[in-house]
Each structure stands twice: as structure tokens, then as C-alpha cells.
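Below you'll find the structures, each written out as C-alpha cells.
Same chain, two partners: subunit A is paired with subunit B first, then with subunit C.
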Partner chain A sequence: MMLQVAKKEIKEMTRSGQFKWMLGTVLVLSLIAVFISYNQWQEKNLQREQAQESARALWLAQGSVNPHNAAHYGTYAFKPQFPLSLIDPGVEKFTGVSIFLEAHSRNEADMVAAADQTGLSRFGDLTPDFILLYLIPLLIIALGFQSVTKEKVNGTIQIIKTQGISNTQLLMGKWLGNYLPIAIISTLLFVLAALLIAAAGNAFDWRLLVTMWVIYMVYFGIINTITMVVSSLASKPGVSLVLLLATWIVSCLAVPKIASSYTNEKYPYPTRQVFEAAVAFDKKQGIDGHDPWSEASKKLEQETLKAYNVSKLEELPFNFDAIRMQKGEEHEAAVYFKHNERLKQINQEQTAVYRKLAVLSPFLPTRFMSMALASTDYATHWTFSDMAEKHRVAMQKTLNDNFAENSKLGEWGYKADASLLQEVPEFEFEAANYNEVMASNKSNLFILTAWLLLSFGLMFFASTRI
Partner chain B sequence: MITQNIQHEIRLLSRNYWFVSLTAVLLLLCLYAGHNGLQHFESRQADLNQALADQEEKIQNVTSVAVAVNNGEEPSNAYRLSPMNIAMSTGELATMPPSSMSKLAIGQSDLFTHQVKISSRDDQATLSFNELNNPVQLLFGNFDIAFVLAYLVPLIIIAFTYNLRSQELESGRLKLLASNPIKTNIWLLQRFVIRYFSILIILSIALLLTILWVGIPFNFALLTFMLLTFAYVAFWFGLSFLVNIIGASSGKNAVSLLSLWIVLVLILPTVINQAANTIYPMPSRVALLNEIRETKKSLSEKQDQVLDEYLRNHPELIRDEGKNAYGYWQGYFASQELMEEELAPLIEKFDNQLAKQQSWVDSWRFLSPVVLFQDAATQLAGTSSKNHKDFQNDVKDFGLTWRAHFMPYVFQNNMLKLSDLGELPAFSYQPKPGYTAAYINLGVLLLLSGLFAIRGLKLEGKRQLLQVG
Partner chain C sequence: MLHAVNLTKSYNNHLALDQLNLSVEPGEIYCLLGANGAGKSTTINLFLNFIAPTSGKAVIDQVEVAKDPQAIKKLIAYIPENLVLYNELSGLENLSYFTGLAGMKYHSDQLEAFLDEAGLQGEAFHKRVKSYSKGMRQKVGVAMAIAKKAKVLLLDEPTSGLDPKASNEFSELLTRLSNQNVATLMATHDLFRAKETGTNIGIMKSGQLVEQLSTDEINHSDLEKLYLKHMNA
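Then we have the complex of A and B:
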């Protein structure tokens, strides 16, 4: 019985010109989105690969060099582009992709794509995630808003009931009839994207893609259920449409914006200016590798002399200049760590608010899960920034140690063998794996499930009111 | 007949809670959006004041040293008066103060920074103007007045006008009306005009209350903003009028109007944007980084040569007597300038490409009313991409002026004196309000709504009426 209703719904859909147009438009837009994204995605892959290679080449080309000069010359850490960013570029547009690794300072990621675009970029991009998150829900509403209402208005509901179908069966049939075409279109979109990614030779964890697909299917399921509920309760198709559209606007546009405005008001980030000033202030409180006259340097001198039981720096078995620089480096790294932890703290508070507000709209947990699975969320960016810093600190230690062991005090002209540059490994970055992503997104998963259950609960309630 | 219609319409509106519910909804939306705008403005203002105070403190420190030197003392921190220290450490603070209109449209002001420390240490090529922020927030955008007006108000208009004709058609009253000596299209236009002005009044009240609350002075920019809003509202009324005349049933009207909303507001801006990025792609920033490094490296390898070349271009800086105390710095600044010259064509590529994107967007903006509105609103608020680009260019230009100011000191081995401190170049940002663009956009919106109305009036409504009946 249920399947028959679904079949009838789909048949009706394929016969209606209006629906064909809508489905067709969304399909064409999806294809355009996938292909444009694919081209840009490949271009970026290529650019990053080349940049990474030439950065490494430049680093090695220094040859025999003073280790500290090499440290100042520095190199770059590049954030790789993850395969699934083809489907959901997430916040990539607003975060930088490269970090300059040099002596004495932790730099912010630079090269923010949005800064290189016109103001129109804030309206969003025609990417697969835009289609999935915004347009397909609208399509679900457009296809289903009068699914039950029209039977009521036309009086056909009575005839259907005489066929011996229960309200629940009827609603489930209608639900299925509205859901299947959508599910097929979006599954095709996923398959196409997966094929393109695989064709480009990118290996990735299939579980990420499959979970992303499941998340979107659940998201569409929730919206489809809400559509059926409103359609059953509304007295006129017009009313049903207006109600559903209002729901869409509130959940997909208003709630995310309210969440972002509210979060920013409650837990604001400091400005870059303030942040940098605070770092500079703390840096001054400790040892500066380039300043042998400061109080902190003198203290370190005394301590080192005492520890090695010698009276002059020259008598130490290593170059004290380099040790001072390393100590300075450690102090600076600690300062950066402290201030970035503070930023992270604010970020965690913000994230907590976002997660709580996710209760208000199924859009939010879907948005966050999708970005997380594509490794294009803010958490991935933080990990990248932290890993780059770790790499930088290790790099400084390698260089300073070499300097300390192989030169004498004041021997600033010392040049290390070119092989030292090889000892600094290339920066490699792996995003969180599948299990980590799932573990850190438990609350999003939970809220999404709750939405699914709640909406189905509402549908069963609505089935008693037809 | 006309007065009767108007009376009838107003009575209709006042009796079905239309006024009350609409006023309540719009007022709530505007007040909440206004609150967010105000919040953003205040935190921007507070950050600015903080930055200015910090900068003032730095200048005071240097001044006190200069005063001591001027009095013949020899303070231990006299090095602070060196041209390098003032050009780099003290620097100058370039600020872009928020305009009170920015409370209405936050625009791009959450993406870019508004206070940049100008220091001669920074390379012009890698100067970053990005603010520290949570990218999720940038992704979602802000709930400001511009959002309410651009996205939500059109939907409210659609909800209250989609069935103005079809309802009469469906209830059979339209036939009755048509039998009267009145053209139904004119009658419908009257209904639309009355509703247009009703919404205008309600919206004006909601906006004015918000404006009074958040405190925006009444000036030309605000007036333009209000007129722009009225024109934008007129566009949607015009569109709905046309759809009403063509459409056969309420359900179809609603679906058509909402589809138009989706295409015009949601899809077209992203398509125009995507097209701009695809047709004028940005060159690779990451590749630029490596170019910069290679240039730097080759310049540092021939440091002596660089200085010679620089002095050949700046003979006024050559000094024969005495040794050069700032030898290192002379080479530093010389290579900085040469590097900028060498990199200029590369950097220009980015600016050119962005300019091309902008002009693409500018010419295609007429396709979407929301782009027209957003473009004009953010320009009036001083928060558009163009405003920020202006500020950034000013900062870059000033950076050059700032450095040039210190070069005579660097090359003549002079410290700055108290009197020199008063003569430092000062940065000031002159906002360029985009009234021209605003009035063009406003005009186009009005023109389109006029065209819709005329087209609608010319369409034969009665024939269709007979068919349906």
C-alpha cells in the first residue's frame, strides 16, 4: 500500500512540467557546480604541489650556510588540499593555506582566498555543498509542500481512505515518494564527485565519503519529514508553502547568522593588533636570543657557567651564543603557545555555543559534520597551525644545536655543512582520521539523530490529524 | 471609484491583523539586526580606541626621550630616536574608523582589519589585511539590517501580495469587479500601490526606531539608504504585480514568486561570483611567496651592488664625509625598494585580476536586485570591498611615504630631534562614499519596477479571466 502511494507520487512528478523544470534546474546546477569545483580544485592541487616543491628546493639551495641565517631565511608549511574539499570546501576560503616558518616568530596562516575576491563572495559559491545544504532542501519543499494538502483541498483524501490505507501508511508512502527522487539526484552527485576524486588519483578513506553521504541523506530525511508534517497540518497549499519556506529561511539562513552574531558578541576574538601587542609584551619579559645584555641573558649565563663549573663562556664545550638563541627560541615558543591556547579557548567557547544552537536547526549539525568529514573545518585548520608550529620549534632546535656543537663563542661566520638542511624534514600534515572526526563530532551526530527522531515523531502525530 | 477602492483596501488591511502582525515582525527583525550592527560598531570602535591609545603611549615614550635630549641630557635609551626605531618600532597607526552607517550593513568589515601598524620593516608585497576571526562566522555571515532588507523583506512582500488577483479570481469576485466600469489591471495596481505604501510606512517606522536606538545621524547617506530600500521594495512589488497578472492560481503564483526569489537572491549572486572567479582566476599566491623569496635571496647576495644601484637612483642621499653608522640599514632599505620594484609587476597581476573581477561583477550586478541592493548599501555604509580596497591602497601608499621620510636620516646618519617628531607624516583615511553607484542601483531598481508595472498593465487580464471562469 505504502509503496503504491510512493509510486503514484513519483509518477505524478514525472508527468508535471513544473516539477520536471525544477528537478532539471537543480540537476544542471549540480553538474555545473561539480565541474567548476573540480577544475578549481585541480588547479589548486597543482599550485600547492609546485609551491611546496619549490619552497623545499629554495630551502636546500642555501647550501653551506650559517644555521641561524637559515633559520631566518625560513621555509613554508603548506596545508594540503584534502580530496573531499571538492564536495565541501567549508571554511577554506576564509583560512590561509600557508604558514611561514622562521626564527623567533610564529606566523599566522596567510593567503586568504576571500580577501582576493569581490564582496559578492560573501553570498556563497556555487559549489556542491551549496547545492546540498541550501538548494536541495528547497527542492524537497517545492516538491512536497502540497503533497497531502492538495488531497484535502481536492477532497481526494476521502477516496484514498476508502481504499483501506491507514494515515501512517499514506504519509509514509508520500514521504517515500518525495524522498526517492531527491535521494537519487544527490547520490548521483556524490558518485560523480567520488569518481572525479578517484580519477585524479587521490587516495582517501571511503568511510569519510560514505558517512558524509549518510549525513546528507539524514538531513534531507529530516526536511522531507517536516515538509510532510506541515503539508498534513496546513489547510491550504499556500499556507503550507509559506510555513515551510519560513522554516527553511529560519534554519538555513537566519539561525546560522544569529549564531554567528551571538557567538561573536559573547566570545569575541581579540583583534590582530591586540593579539600581536600582547605577544610582543610577553616576549620582552623573557630571554631574547639576540640580546646578550638583558637581565634574563645574564642570568642564563651565570647558571650555565655554574652548571659546567667554568668561569668563562669561552671555556664551555659549546657555543653559548647558540644556546642563548635556543633558550630565547624556547621562551618565544612558550609565549606563542600561551597566547594561541587563549585563542583556542575562545574558539572552544564559541564552538560550544554553536553546538548548543545546533538544537535550533538541523542545518547547523549537518554543516559542521560535512566540513569535519571533508577536513575543511576550523578544527582542521587549528591542527594545521599547531603542527606547523611544532615543526618550526623542532626546526629551530636542530639548527641551534648544530650551531652550538660545531662553533665557538662569537663565531658568527660559522657555516654548517649543507647536509644540515636535509636534517630539517619536510613538513607533512595529516588531517584527523575517520575515528577522530567521529569522536569529536559526537554532539553534532547526537543532535542530528534527535532531529530525525523528533521529526518522525511529529509525522506520526500529524498522521492522526489528517 | 478610486477613493472607494482605497478605502476598501485600507479597511481590509486594518481588519485582518495585517498591520499589527507585519509591524511586529518587521520591528522585531529590525531591532534585533540593529542590535547586532550596533554591537559590531561598538566593538570596532573600542578596538580602535585601544589601538590609538597604545600608539599614543609609544609616541609619548619617544617624545619624552627627545625632550630629555633636547634639554641636553644623555638618556640611556637615546637609541629610540634613531630613524630605524621610529620608522619600524614606533611606526604609525593607520586606521579606518567605522562610519555610523556601518551599523546598518556590516559588509566586509568582519573580514578585514581596520588598524594597520605602518612599519618600514614590512614588505609591501606581503602586507596582510586580514583580521583575526573565526572563519565559521565569516562563512555564516551576519544578521544585520542589510540581511533583513535584502533577504527577508522580499519574502514578506511575496507572502502578502502573491494572491491579490488570484484570490479574487478564485472566489469569483473578479468577474463581479470586471462588470463594473473599471479596468481590473488598474484596480489591481491600486491595490499594489496601497500595499506598497503601507509596507513603506511600516518599514520606515521600524527602521527609524532602530536608527534612533542605535544612533545614526540623519544625513545624506542615510537618506540615500532609505530611498534605496524603498526602491528595492518597489522592485519586489513590481515583480509580484506582473506575476499576479500572468499567473492563474494562488498556488502557482506563490511557487513562481518563490522560484524567482530563489533564482534572484540565492542562485544568481553565487553564479556571478563563480563566473568572475572562473573567468578571471587569481594567480597563485603560494607561487608568489616563492618568487618573493627568490628575489630577496638574489638581492641579498649582491648587497653591495644593491646599495650602489640604489644610490645611483637617489643621488641626494650620497654623503662623502664620515663613516656610515647605519651601513646595514642603508643596504636594507635599498634592497627593500629594489625588491618592491622587481615584484611590482607580480603584485600588479593580483590587483588587476581583482579589478577585472570587480568590473565583471559590476556589469552583471543588474541581473540580481539583491546584488544591486547589497552593493549600494555596503558602499553607503563604508563596508564594501571597494571601501576596504581604498583603505588598503592608502595604507600601501602611505607606507612608501613613511619610509621615504626617514631615508635622509638613515643616509646622513642623523638621529631625530624633538622638532622632527612634530613633522612626521600622518595617515588619514578619507572615505569615498559611493553615491554614484548607489543612485545608479537605486535608479535601476525603480526603473525595473516601473517596467514591470507598465508591462503588467498592458497584458490583457480579462481574456484570461473568461477562460478560467
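Then we have the complex of A and C:
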């Protein structure tokens, strides 16, 4: 009986002009979104590939060079573009994709897409995640708001009630009838994206894609269930539509914005000026590799002379300038580490609040899970930033060690063999794997499951009120 | 087959139905007459379990409606004053859907036979219901009752708004069903049709059954006089 109701709902839907238009519009928008994203994604892939090759070529083209000059010349760490970012670009647009690695400084990520766009980018892009997170829930509401109320108003519910089908079966059938077209459109979007990614020769963990698809299907399931509940309890289609649109506004627009404002208010990030001033202050408290006259440098000098039991720096078996440089790097790295850890901690505190607020709307856990599975969330960016810094510190050590071991004090004209540059490996970054993503998103999974169960519970309650 | 036993329904302080007692046996067509608000539709709705009785009971085939509504659904068919169907579906698809909800599966040729038996023209079977007249919709309702093999037919002013020809066709259908031992309880304002089609008549006023008689006992003119007498009393 349930299937019969579902079939009838779909048949009615496919014959009704307004539903055809709605479904057609969302389908066309989905296709446009996938193709636009695919083109941009391909373009970015190409740009990144070229930039990475160019940066490496420039690094190696220095040839025989003073190691510290090479350290200042620097190179770039590029964040790879992950395949599923085609579906959900997440915060990528705002976080940047490359970090300049140089001596003495931990730089922030650069090449922020949002910075390269006009103010119109404030309105957002037509991306598959926009379709999935915002438009499809609206479509679910548009298709289902009068699912039950129409039967009540027309009087068909009375005929149905005399037929033998239970209210629960009726509601489940209507749920299925409204859900299937949505599921088909969404699945098409995922299949198309997967084919395009695969065609572009990008290998990826299929579990990430399948899980992302499941998460969205659950999200749509929740919205669909809420739609059926409201449609069952409302007396008129108009009332049902207004209530559901209000629910959509609160769930998809208000709660995320309130959550964002609240977390920023409760755990604010320091301003750039404050952050940079604090870093500069702490840097001054330790050794500066370029300042041999500072108190810290003098202290290091004395300790080193004592350790090697010599009276002059020239008598040391290595170039003390490079040692001082390395010690300076280590101090600066520790300062950056300390301040970035604080930023990370604030981010984690904000994330924790966000996750708690996720109970207010199924949108939030879906949003977080989607970004995490696409490796376009803040957590991935933080890991990238940390890995790049680790790479920078190792790079400085390689260069400083060579300088120390192969030159004498004051020999700033020393040039290392070009092979030294090869010793600095290219930066490689891999995002969290499937198991790690799932483990770090347990609370989102739990909340989403709770929403699903709660909404179904409400639907069974609503079935007693038809 | 169908019994009202001291059946009472009140809304707040308003007594919509007061201690109603009536019986409709298989093959009988019992027509409830009365002004608006007399309690006719309330009676039908109590047998349909759309509303719960305040006291007394509605019994169909020895089953108390309020106690086992699911069992009752297998026995009854209901045709309201305006049978609303799904406009985007054809008459055949509507019939298929509703009989499916009753747990019955028929092939389309069987469904066509039911529609045919209900008097719907063959060319209308596959047309969308939005092009149907009221009479055609009511015939789909009758086809639903036939397909469901209902033992009890509950009708709430089913001929209201029908033209005389359609009304007559509908009456003939009811007679045909009663010949198949279907018990029919029909609320109506149409005295003429009640006398022509019904086997029994009950006149209701202010929630009470004030008169019960067999249609064989009275002619059209006397029925009208009797009805007006009660209405003016």
C-alpha cells in the first residue's frame, strides 16, 4: 500500500506542470553547477600544477647558492585540490591554497580566491553544495508542503480513511513519493561529479564520496520528514507552506549565521595587528639569527665556546653564523608555533560550540560532514598550515646545517653545491583519510542520526493527527 | 448489518445526535431525511468513525465501529456529496489507487469492468478526472464500492447537484447494489429520490429520529406532507 501511495504521488507530480517546472529547474541548475564547478576545478588544478612545477623549477634554478640566500629566496607549499572539492569547495575560497616558505617567517596561506573576486562574490557561487544544502531542501518543501493538507482540504482524505490503509502507511507512502524524485536528482548530481572526477584522472577514496552521498540523503530524509509532519498537522496548504519556509529560513540561514556570530563573539580571534604585534614581541625575547650583537646571541656565543672549549669563534669546527641563524630559526619557529597553537585552540573552541549548536539544525552537521569528507574544512586547512610549517623548519635546518658545516665564520660568500637544493624535498600534503574523518566527526554523525530518528518519531506522532 | 444503538453525539453543549436507534439490513436502502443540522451527516460520520460517539454505539456486521475501525473499513464504501478524486489521474487510475489502498489488486480489464458496471462510458476510463462531471465522479465512487465488494454503503447526499438523468442513473446503481445484498444508509434532501430508491425512510429533526417508515407504506405526496409536518412542528 505504501508503494502504491508513493507511485501515485510521483505520477501526480510528473503530470503536474508546476512540479515539472520545479524539478526541471533544479535539475538544470544542478547540471549547470556541476559543469561550472568542474571547469573552475579543472582550471585550478592546472594552475596549481603549473605553479607547483614553476616554483620547484625556480627553486632548483638557483644553482650553486649561499644556503641562507636560498632560505630567503624561499619556495612554496601548495595545498592540493582534493577531488571532492568539486562537490563541496567548503572554506577553500577563504583560506588560500599556497604558503610561501622562507627564512624567519611563518607566512599565512596565500592565493585566496575570494580576494581575487569582486564584491559580487559576496552573493556566493553556484556550486553543487549550494544546490544540495539550500535548493534541494526548498524543492522538498515545494513538492511536499501540501502532500497531506491538500487531501484534507479536498476531502480525499475521507475516502482514503475508509479504504483500510493506516495513517502511518499513508504518510510513509507520501514520504517515499516525495523523497524518490529528490533522491534521483541528487544521486544524478553525485554520479555526474564522480564521473567527471574520474575522467579527469583523479584517484580518490570512493568511501568518501559514498558517505557524502549518504549524508546528503539523510539530510534530505530529515527535511522530507519534517515536511510531512508539518503537512499532516497544518490545516491548510498555505499554513503548511509558511511554516515550512520559516523552518527552512531558520534551519539553513538563521541558525548557521547565529552560530557563526555567537562563536566569534564567545571565542574571538585576535586581530591581525594584535597577532603580529604579539609575535614580534615574543620574537624579540629570543635570539635573532641576523643580530650577532644581541644579548641572546652573545649568550649563545659564550655557551658554544665553552661547550667546544675554545676561546674564539674562528676556532669552532663549524660556521657559528649558521648556528646562530639556526638557533634564531628555532626560536622563531617556537614563537610561531605558540601563537598558531593559540589560534588553533580558538578554532577548536569555536568548532566545539558549532558542534553543540548543530543540534539546532540538521543543516550544520551536514555542512560540517560534507566539508570534512571533501577535505575542504578548516581542520584540513590547519593541518596543511602545520605541515607546511614543519616542512619550512626542516628546510631551514637542512640549509643552515650545510652552511655551518661547509663554511667558516663570516664566509658569507660561501656557495653550496646546487645538489643542496635537491636535498630540500618538494612539499607533499595528504588530507585526513576516511577513517580519520569519520572518527573526528562522530558528534556530527550522532546529531544527524538523532535528527533523523526524532523527525521520524514526529512523523509517527503526526500520523495519529491526520 | 448496520445498527445504531442509542447513538449520541454532542459538541460542547450542542446535542447533534440524540439516542438514535436504527437498523439497516442487507439489501435495504435506508434514506435519512431532514433539514440541515438534523443529524444525518453526523450519523453517517459516526458509522465511518470520522467522529467518536459521545455515548451509544454504531455497529456494522456485529462489530462496534469505534472499537475496531480497521475491521469496519473492509466492509464499507463511502460516497460523499462531492466525491473528490485526483484530477491528474484518470478514472481508471483513481479506481486502481483507491482499491489498492483497500488492499485489493485488480487488472485493468477488471477495473474497466467495474467502471462499466457503475455506468461510466468507456471513453472516459482513461481521461483525466479533471474533465469529469460530478455524475461521472460519483460513478467512479460506485465502482470503488463494487470493486471493494462492500457490504455497507454509506452515502452523504450523493445526488445533490446531479441533473435528473444522472440522479436517476445513480439511483438505479444503488438498486442494483441492494439487489446484491448491500446495506445502504443514505443521507439526502431529495424526497422524491428517497421514495423511489429507498426501502426505508427515517426523518430526523434536531438530532432525533422522529419518523421511520417503509417506502411501500407511503406515496410521494403523503411523504412530502409528513416531512413538512415534522419540519414545521
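By definition in this document, the second predicted complex is superposed on the first by the 466 of 466 C-alpha atoms of A that agree within 3 Å, B and C clash if a C-alpha of one lies under 4 Å from a C-alpha of the other, contacts with A are read in each partner's own complex, and residues count from 1 in each chain.
FYI, a residue touches a chain if its C-beta (ideal position, glycine included) is under 8 Å from a C-beta of that chain, and two chains touch if they have at least 3 such contacts.
Keep in mind that what you see is a predicted model, and the values were worked out from it rather than measured.
In the superposed model, A:Ile159 lies in contact with subunit C only, and not with subunit B.
In the superposition on chain A, A:Val97 makes contact with subunit B only, not with subunit C.
With both structures placed on the common chain, the touch criterion links A:Tyr134 to subunit B but leaves subunit C unconnected. Of the two partner chains placed around the shared chain by superposition, subunit B is the only one that A:Ser261 touches, whereas subunit C remains out of contact. Once the two complexes are overlaid on the shared chain, A:Ala277 sits against subunit B while remaining clear of subunit C.
Between subunit B and subunit C, B contacts the larger number of subunit A residues.
In the superposed model, A:Arg15 makes contact with subunit C only, not with subunit B. Of the two partner chains placed by the overlay, only subunit B lies in contact with A:Gln350; subunit C stays clear of it. Taken together, the subunit A residues at the contact with subunit B in this complex read 18, 22, 29, 36, 39-40, 43, 47-48, 50-51, 54-55, 58, 73, 76, 78, 90-91, 93-98, 100, 108, 110-126, 130, 134-135, 138, 142, 146, 237-238, 241-242, 245-246, 249, 253-254, 256-261, 263-265, 268-275, 277, 343, 347, 350, 354, 378, 381. Across the complex, subunit B meets subunit A through its residues 36, 39-40, 43, 47, 50-51, 54, 107-108, 110-113, 115, 117, 126, 128-144, 147, 151-152, 155, 159, 162-163, 250-251, 254-255, 258-259, 262, 266-267, 269-274, 276-278, 281-282, 284-287, 289-290, 293-294, 297, 350, 354, 357-358, 361, 370-371, 374-375, 378, 384-386. Residues 1, 4-5, 8, 11-12, 15-16, 154-156, 158-166, 170 of subunit A touch subunit C in their complex. Residues 48, 50, 70, 73-74, 76-78, 80, 82-86, 88-89, 93, 97-103, 128, 141, 144, 148 of subunit C touch subunit A in their complex.
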